[in-house]
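Should a chain be cited, it is by its letter among A, B, C, D and E, assigned in written order, with residues numbered from 1 in that chain.
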Amino acid sequence: MTARYLLTRVGQALLVLACVAVTTFALGRVLPGDLATAVLGQSATPEQIAEFHHKTGADRPAVEQFWSWFTGVLHGDFGTSALTGQRVSDALADRAAPSLLLVLLAEAFALAVAVPLAVWAAYRQGRAADKAANGASFLLLATPQFAVAVLLIYVFAVRLGTLPATGYVPLDEDPAQTFRTLLLPAVTLALGLAAVYYRVLRAGVLDTLRQDYVLAARAQGLTPRQVLVSHTLRPSLLPLVTLVGLNFGFLIGGAVIVEQLFALPGLGTYALGAVQTRDFAVLQGTVLLIAGVYVLVNLAVDLLYGVLDPRIRHAR
Amino acid sequence: MTTADLPVSAPPGTGAVGRPLLEVRGLRVRYRSGGRPFEAVAGLDLTLHQGETLGLVGESGCGKSSVARAVARLEPDVSGAIVFDGQDVARTGGRALKAYRRRVGMVFQDPIASLNPRRTVRDIIATPLELAGGHDSTAIAARVGELADLVGLHPSLLDRHPHEMSGGQCQRVSIARALACVPDLLLCDEVVSALDVSIQAQVVNLLMDIREQQRLAMLFISHDLAVVRQLSDRVAVMYLGTLCEDAPVDELFARPAHPYTRALLASVPGNPTPDTALLTGDLPSPLTPPSGCRFRTRCPLARDTCAEIPPTPKQIRPDHHVACHFPIDATP
Amino acid sequence: MNHDAPSPSAAEPLLNLRGYTVHLNSPRGTVRAVDGVDVAVARGRTLAVVGESGSGKSVLCRSLLGLLPDAAVALRAGTAHFDGVDLTALGERELRDVRGRRVGMVFQDPMTALNPVLPVWRQIALPLKRHLGLRGRAAKARAVELLDSVGIPDPARRADQYPLQLSGGMRQRVMIALALSCDPELLIADEPTTALDVTVQAQILRLLDRLRAERDMAVILISHDLGVVADHSDDVMVMYAGRQAELGPTASVLAAPRMPYTRALLDAAPTLHGPRGQHLAAIGGQPPDMSRLLSGCAFADRCPRVQDRCRTEVPAMTRPPGSAHEAACWNPVPPPRPGGGTVTGISAARRESSRT
Amino acid sequence: MPAERRPGLGRGAWPPLVFLGVLCTAALLAPVLPLADPTHSDTDALAAGISAKHWLGTDALGRDTLSRIVHGARVSLVVGVGATAIGAVAGTLLGMAAGVVRGWVSAVIMRLTDVLLAFPAMIFALAVIGAVGPSTASVTVVIGLLFIPGFVRIVRAPVLSLSQREFVLACRAMGMSTPRLMAREILPNILTGVLTYAVTMFGVGVMVEGGLGFLGVSVPPPEPTWGGMIAEGRQVLAQHPMVTLTPTLVLVLVVVCANVVGDRLSARLDTRGAML
Amino acid sequence: MPFDVQTLDPIAPNFASSMDYTAARGVMDPLFDVDAQGALVPQLALGAVASDGNRTFTVQLRDGVKFSDGTDFDAAAVIAHYQEIKDKKTCLGCAPRLVGLVSAITAKDPHTVVFALSAPWAEFPEVGLTGIAGLIPSPTAKKAAGDAFGRNPVGTGAFKLAEIAPGDHVTLVRNETSWLADRTYPDKVVLKVMLDTQTAVQSVQAGTIDVMVSSQPNQAQQAKSAGLQVQLNRGLAPDGIIMNLNRPGLDDVRVRRALSMAIDRQAINKVAYNGDTQPTTAFLAEDDPEQQGIGVPGYDPDKARQLLAEYGKPVRLELNTLQGSNYIAATQLIQQQWKAVGVETTIKVNTAVGIMQDVLQRNYDTSFSPAFMATTTVDALEVAFSSTGRLNLGGYVNKQNDELFGQLGAATDSAAALPIARQILTNVSNDVPSIPVVRKTGMFAASAKVHLPAPDGYRVDAFTLTDLWLTR
């Protein structure tokens, strides 16, 4: 893997982020509605609205607005929420933690379930265990997040009362409680993810099991465990790694429904709120952060490819 | 409409005399590997006369397939001259390229992968005729029938898909397709390598027959020296993108002058040669070719000069060229 | 090489197949991939198995070690005694102790048969751990030793590399080192040089000869190339459509083939010395559909010497009069005139000279 | 050896196909079927259970659940099919172009899909729908846009490998033009893969519409949509779970069916692939 | 809390939600509270005396009260606060008259403030010294923080602000130096934003939170069936539909009356609100002496059809409502009921900002959403129903009303004001510039261990944190 390759990828990533920034900005401009009405209320006079626009810079030409925002971002300044007066970067710092924790936890759960199950099911292809796991994966794939969430809340929070439905506590206050409050939302996300991961990895393992080197490994008298773990798993992981990366980026701001149902102060609800109140500084900052995480994770996935597969490492 | 309306090749020349049908001069084919460019073919000269078969042999990775693809204009990064029938086609486009493509047919190594799995044999053979244009469906159907007959395909096979046929049958389809527009030159890239011996013999025989019937020139690429010997008039030996030796077939097999040619012959199973002629080691990477003579790292006769000066082909006997500083003197 | 070794029939065979039969499931029905094979191989000897694709030679070897998927095998019959134990009677667990430990296997394409994502030494270390209990440094040291023994230069450095960093020849050497890692008594080499260039093929075949002699192994060499077989085997079994066509000492079979198929196979291959520019002696037609139950000789439809009986009765392996080997044919090719020499370019005599 | 084609999809695929077929037919015929008015409140039967009058009960506003599910299918299925069609057609064209035409064309297409992927999907959907207003058309188009990158990826990989296949080289050696090459030689070979993915994405589309409906930004009421029904039913979940469970079950069933059909298709594709 | 927190500065223009109010009410205290009957309850002020024909009000302040920053609460603080309301004119929750009528604020002594009005205003203490306007911040802190006071409020309240996490929660901690310290039970109160009321009820059930607040009663049944304490807070003002009188059809009073007559308020209460609210046709509380017996035309679909027939042209309308709200169920019923009398409507579901924008730009037909002008007094109706009113969102013009509002302000006592007020309400009920539908109803739900306080008289979805305690 050459430095040149890395440089190209970083360049591409920055280009993508720039495009995302422009798109968000443009999308913000075509949204009907005006933050001024939210901030100033129904009784705002035209003069007050004009003054508000002037103060927030909304009366300047779009290109100029974009440029000043963009240069601000380059200097680490994401602007200020016109609605709450909070610095967007501060808000994002607060909001990123629950989102990141949630996604990390969900991915961890999903992988912990999906990986062993997929390997085992592929090894026992066509047997009862495989069929049962396949059926379960289909069901989970088809069950919408909100249905899972509602069910989990009903069972674990309301009926059994063993886990809290809401009440996120920051990590630095009480890590155990953070974990407990994130458990249900993470499981909600994880169930769907696990089904996807299971299917992809199972297909990958089935594919790998057909490879000559697996036959050769069996011809060496290796135990099924050795064959599966040492020879089969790693070459089968590439599509899964791609997917984990994609989903990581996807969920970091995409778990809107789950965040809302579990009252988690994450990036998704923050962006959703910004869309609904037309708080553009917030919207732009959040989308850019989410896209940044996505791009970064996928860059990492790309690098991980090289680690997992020397063919890729040496082809670059 | 009859098949008489179909394009017909120019009358074949008179063999080795006169203007060559194909002349490749200083051919270079470049690829990129992980951003790094390298030359798969590094300055190659070849001459092929009308009705003649030139065998091109060498180990895998020596660039012989790249030569065929370059001649077929399938390689994007090519320099040098490819003179076909007096015209340099290396950089032509448009009508001239179209006309050239009709006069050159190509057959590939993998018989099944060479055919679109979603199309019937009939469609596949008809494709070049449709592309050439100017034929109605009856003329095309008639020509497809003729071609199937020519390559020994039973008409009942015409409505099958490639995966429903054997490798030998698929290769016949490929040949029929390559012959559809009555080319002057047939490029055969390892066409029998993937076939079993008994089927290989059938296809070799077929190629010998149509070469006679159609008065075709052929560039026959193979790593199998015995097959090349069977089919070729002249043989060129390649090593790591360069030409080692080029001679009439009997001359080459009887009196190989390049140490690499000799080693190749010695390695053929069942060929009685002392072990000392066998090569050690492997082909160097084309990304970092050795300086001077590219064969020197494995050559039993290599000396200091070989590392410094790349050898140029020189004629050691009539029509026998060797690119070696120290050719084996095998004059009887 | 032990010239004094007794002939294979006299020696106690290491592997002895009797009526060995494997039927496979396919979408079109049961395929008789291996049909009633009787053959034996002794320590220190090489048995070549020759046939075109689909003749059942790979299925034969893979099924011996239980490497075919359970669902694919419709029937396995006959016996396969390995050092006195019938492999067909062993369960998966017991077979696992045989695989790699007592029987090594080399596959056709070292590019696909080596795991692309594991460094070379790790791949060798896995069977070492499984069978010999070697771990860590000891395993790596042993892997490097093995690489050295198969002629890989700078083995310590190569051990840390991945297969794609090695050339084709080197990969096959690694594959061989892997197969030999636990000192097996039998090595099955399934077309070990088909994917390689001729110059490298020669090196690999010589390496196999050397290793066999050093370790007194039995070797089963699967090949479709009669030239390779001629140079590197003691005995040869020719297979056609899952059945034995001809079996016996290599020199005898190649010099005086009795089954017309073997004859045709020898004639169809172009050579470096025979006449050229003429048609090759191609075998017409295609191999039979193996999911059909063949009432007679499998080669009958393509055979120039076919008789009525060939289509109705399956020929058994018998030793035709005046022959040093067995063939399955109702109308065998007459033996060549004494002193007539070989018709083909393959000289069986050369093999003896190369062995000294 | 000549290979045999598997006949059809296998027995497992029939029940889901029949279910989807019945649902589609019912949705198409909804206006002429003897169903209750999906927007009419029967104030005497609020959140009622199954009865002769209301086969699947009623929702909290007393509207007939069966009728709302069938009418809601019109939205869900149109969005599922429409979004998949948009994603499939655009994604296939772009993916093929990116696979066949190298250089800047490929680079631009791939960067564009990256941008779409990097954009948080739900936020994108909410913003665009917020901008153009919620309707079946806007929801379909937005979900369709979000589907494009997936199809591009699904298409591009096989196209890349196909374009190195010898039959494609053969066609290029014959002088076949790139558009014709894409349409006649490459497209037929990727179509099954696209179809399989499309069937799965149809299920995803139905589910995403449900999610948007749940957030209240899908097709506006009183037009019944499954997501909207689930969201409205949630208000009375504790007392009347069936109001929300019935549409959820239907939604899950539709997506399961789509996935099973897709799985069967790809299994069939696999065996074909193995034969090639 | 079903709303996000925006600012705790009561006179900031975006101080709006019950979340803002509840938090600010915890940090700051008003001069007076209003009880359920509308009577003044002394808080920071002990009493108010009117003189000069309701033109001068002398307010006696509580002694010995300190702001949590240690400064004294005195007349200067009150004066500074009201002066700022007058100067900035940004206070949304303050009565417009406060800005217009208060001419001078002076301190008679450190604990007595005198408000001089330019015109008589009998209800000045009830309107001007309570609610949002009545919350008194620390002038020192306000000067120091400037615009940032909304995030760093300082008052005399039982609590101090510990943290604001916009979109998630506000944390208040006990203010030990408060004059209410002996009546303050929790050490810490976390006001958590939960946009989803269902989630909120479940959180109470699960014990994650103690009390949930909703501005609509939609989850009351569920909370009750889960065994929670439920308190329904019926407000004095209605929820209803505002109309844009410039739109074809809506410019005709017959159509507007028909629309009101088409609405079956009983059915809406039963179906959309589980019977937890109260149907109404009145702009103020029905039993309010000014309102008694007056209301917009009630349910009479036959008459509605007849009026529409008289109008003669087909009426097609768009009905706006708030996304993700409980208005949606009622909106769908109203759509059906209007359809039953022949008025076709399409529903447009919009965000709060979108509705606000549409309404302010008069880019709407009808809207059943929180944009309805809800007030408890007649004179506050002036903003909505005088032709120049700031919140006259439908373009309603009635010259007689304009005059009457003037007379109402000048009326010296309530007896004189009553007939004027009744005339205004009668006019408005006849003209139907907007349609009251149900009483505004909020709801609290809590687990059994919580002592639920009475709702804050000012809002149905807010309460005074001081009265909250947990039984141990």
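We take it that a residue touches a chain if its C-beta (ideal position, glycine included) is under 8 Å from a C-beta of that chain, and two chains touch if they have at least 3 such contacts.
All of these numbers come straight from a predicted model, not from anything done at the bench.
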*Between chain pairs D-E and B-C, which one is joined by a greater number of C-beta pairs in contact?*
B-C
*asked:* Taking each chain's centre as the mean of its C-alpha atoms, which one ends up farthest from the centre of subunit D?
replied: C
*Give, as an integer number of Å, the spacing between the C-alpha centres of subunit D and subunit A.*
22
_For subunit A paired with subunit B, centre-to-centre distance based on mean C-alpha positions, whole Å_ = 53
_Between subunit A and subunit E, what distance separates the C-alpha centroids? Give it in angstrom._
40
_Nearest whole angstrom, what separates the Cα centre of subunit B from the Cα centre of subunit D?_
50
*Taking each residue of subunit A in turn, which ones touch at least two of the other chains?*
32-33, 154, 260, 276, 314
_Counting only residues that touch at least two other chains, what does the list for subunit D look like?_
1, 3, 130, 215, 234, 237
*Which residues of subunit A touch subunit D in their complex?*
12, 15-17, 19-20, 23-24, 27-28, 30-33, 138-139, 141-147, 150, 154, 246, 249-250, 252-254, 256-257, 260, 268, 271-272, 275-276, 283, 286-287, 290-291, 294-295
*Which bits of subunit B are touching subunit C when the two form their complex?*
59-60, 166, 168, 196-202, 204-205, 208, 223-227, 229-230, 249, 253, 263-272, 275, 278-280, 282-283
*Can you name the residues of subunit D that touch subunit A in the complex?*
111-112, 114-115, 117-124, 126-128, 130-131, 203, 207, 210-211, 214-215, 230-231, 234, 237, 244, 248, 251-256, 258-260, 263
*Please name which positions on subunit D make contact with subunit B in the complex.*
1-3, 165-167, 169-176, 185, 188-189, 275-276
_Can you tell me which positions in subunit A touch subunit C when the two form their complex?_
126, 211-213, 215-223, 226, 230-231, 234-235, 308-311, 314
